[in-house]
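Read from first to last, the chains carry the letters A, B, C, D and E; within each, the first residue is number 1.
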Amino acid sequence: MSYKIGVADSMFARVAMFRIVKKALEDSMESGIKLERYTVPGVKDLPVACKKLLDNGCDICIALGMPGDKPIDKTCAHEASQGLIQTQLITNKHIIEVFVHLDEGENEKDLLQIVKKRTYDHTMNAIALLKGKNSLSKLAGKGVRQGMESVGGIE
Amino acid sequence: MSYKIGVADSMFARVAMFRIVKKALEDSMESGIKLERYTVPGVKDLPVACKKLLDNGCDICIALGMPGDKPIDKTCAHEASQGLIQTQLITNKHIIEVFVHLDEGENEKDLLQIVKKRTYDHTMNAIALLKGKNSLSKLAGKGVRQGMESVGGIE
Amino acid sequence: MSYKIGVADSMFARVAMFRIVKKALEDSMESGIKLERYTVPGVKDLPVACKKLLDNGCDICIALGMPGDKPIDKTCAHEASQGLIQTQLITNKHIIEVFVHLDEGENEKDLLQIVKKRTYDHTMNAIALLKGKNSLSKLAGKGVRQGMESVGGIE
Amino acid sequence: MSYKIGVADSMFARVAMFRIVKKALEDSMESGIKLERYTVPGVKDLPVACKKLLDNGCDICIALGMPGDKPIDKTCAHEASQGLIQTQLITNKHIIEVFVHLDEGENEKDLLQIVKKRTYDHTMNAIALLKGKNSLSKLAGKGVRQGMESVGGIE
Amino acid sequence: MSYKIGVADSMFARVAMFRIVKKALEDSMESGIKLERYTVPGVKDLPVACKKLLDNGCDICIALGMPGDKPIDKTCAHEASQGLIQTQLITNKHIIEVFVHLDEGENEKDLLQIVKKRTYDHTMNAIALLKGKNSLSKLAGKGVRQGMESVGGIE
């Protein structure tokens, strides 16, 4: 089967996140999946970019962003997230939000590692979701954290 | 009569909540009810998963999630809840939100008990709502708490 | 003329609020008004319940709830209120929100009084709104508080 | 030309704000403009009232409210404002929100002055907006404050 | 090709932001682009103004605002931003939000510089977005900040 993943990224982000998506897709060995990219200034511009990608035939979107560390940036990220959820409800398609806040890492190296891992892992999640609603079921309730050590399940 | 309950769960959660729904349904002895499951990465992916389940013929949904204990996790849960309410208004069907925050329990054992009880009780609520708008009326105003000791009514 | 008021109430509430609505309606001596009730688990389930009541022929709704006193409960009430406003905009009908927060009273007796007065007064407001957009105009700007002593107008 | 301005006001407010709108309209000497009034209990009831006024032929609305000074009142005002913006997007018409918070004035006299000036000035803004999208352009960027001393532009 | 950029500005702002947009457009040497202006009282009036501009044939909008420095102003800006995102999802077109908060600068001169640079840079972004979804891709992940020194990418 053939799929198209929309990828929306921003100038505000400090890491070339799109490249990580591309790397993950290559590693997945899924030959039938193409990427369509849309670059915007900041996270608040991501919802309509994803809307256009999904309207334009993408089966799922990945929204890449790195919100800043000031209170106003937290508010922006919140507004963007609300818009991304609304977009999903309008289009009936998933948008995997990959946001890494600039204060999540202790230093730039640490931050880069979080971005790499979260973007990579969530690209794999997007690919899994393309295959149906139970692709991720075997991992449900396992405390999976993208970009962090997973915390495990409690039984 | 025959009904279908959609159940959306997540990889982020630390407990296999879907199993508890299944157990509650079995205990209810309702033979005409089937479950349809949809697993997503985290709580913010639940609204569109429920939307798809409800569009796909489910009569009601149960949205299972365990938001983290950091401020960003509280914001995520808030966004997810807003999306779940919007989904209900679009589809005209109930979504019973079963969220247990990771800081609700004093330890893992305590947390597990809350998850078990809240998920179980809310599955029973979902089954009751399938039977009509007055199924739960005898319990109205009684201070019922799912996952906690009920606090009782004031007269 | 004949009207139908939808009344949505919850199991989470600690007072039998529906009974107060019924009492107020009886006291109003309005013989042409009927009540239709819908009981849900908690306040976040009220928006879709009201949506269904209004779609089902109710002319106005009263949404009864008693949010808890923890921060998460305040968030739930906020989400419910947002959903109730959205429901009104979709249906073009009023929903009178009667929320009494569990920390509004100094003790249970005090709380019960607030619930009784606010529910009673707002039922009267709902009845007035059924009669047209200027029924309440004589009281505009008078600092009217339902469930509390009114604070009066400033001239 | 002939226009209709919808005016939604509330019982919760402490000042007869509708009268100020009327006074401003008279002072404007605009003979072709009529007012249509809708009175509701509190600010959260204003969005659907404005929706009905605008659906009923009003060209623009003025939403009058005086939110209280407690945290819950701030939340109510926020929800009302969100609803008023949604209403504008649905109807494609302006709603000029005239909210004066009860803690804006240092005393009742001060508060009354703010209410009078803000309501009066915003009524003039509403009249101006009826005349087209550039009626207010000469005042853009001038730091205009309704109900307060304007702060002026920076060049 | 020929494009129309809608520009919504406000009386509340303290800088003549529209002039900066005009200057940036002239500097861009793009001869096929016209501006259409809409002036409103404050930031909360911007969403419907942009909605009308976009419905009226504008290909993209720039929303100019300068929210105040009090908590209520932060809330207003948040509501305006949510409305601007909703407007984009309804119209399927971008709205570049150019908000400068009155407390962003250390003094009026500093504030003016931020306003000038952010408005100018974002006008260039709007022009770029008119040319397609990959016009800004070469700058993705570079830590670009409009109105501030860019912080650079991390590799």
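Methods note: contacts are C-beta pairs under 8 Å (C-beta built on N, C-alpha and C of every residue); 3 or more make two chains touch, one makes a residue touch a chain.
Being a predicted model, the structure only gives us computed values, none of them experimental.
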item: Reaching subunit E from subunit C through chains that touch each other, fewest steps; value: 2
item: Subunit C against subunit B, contact positions shared by both copies (same if over half, else different); value: different
item: Rounded Å distance, subunit A centre to subunit B centre (Cα mean); value: 25
item: Inter-centroid spacing, subunit C versus subunit A (mean Cα positions, whole Å); value: 41
item: Multi-chain contact sites of subunit C, meaning residues that touch two or more partners; value: 82, 86
item: Chain-level touch network, classified as line, ring, star, complete or other; value: ring
item: Touching residues on subunit B, where the partner in the complex is subunit C; value: 74, 78, 81-82, 84-86, 88-89, 92-97, 101, 122, 125, 129, 133-137, 139-146, 151-155
item: Touching residues on subunit D, where the partner in the complex is subunit C; value: 9-18, 37-41, 44-45, 47-49, 51-53, 55, 72, 75-76, 79-80, 82-83, 86-87, 90, 108, 111-112
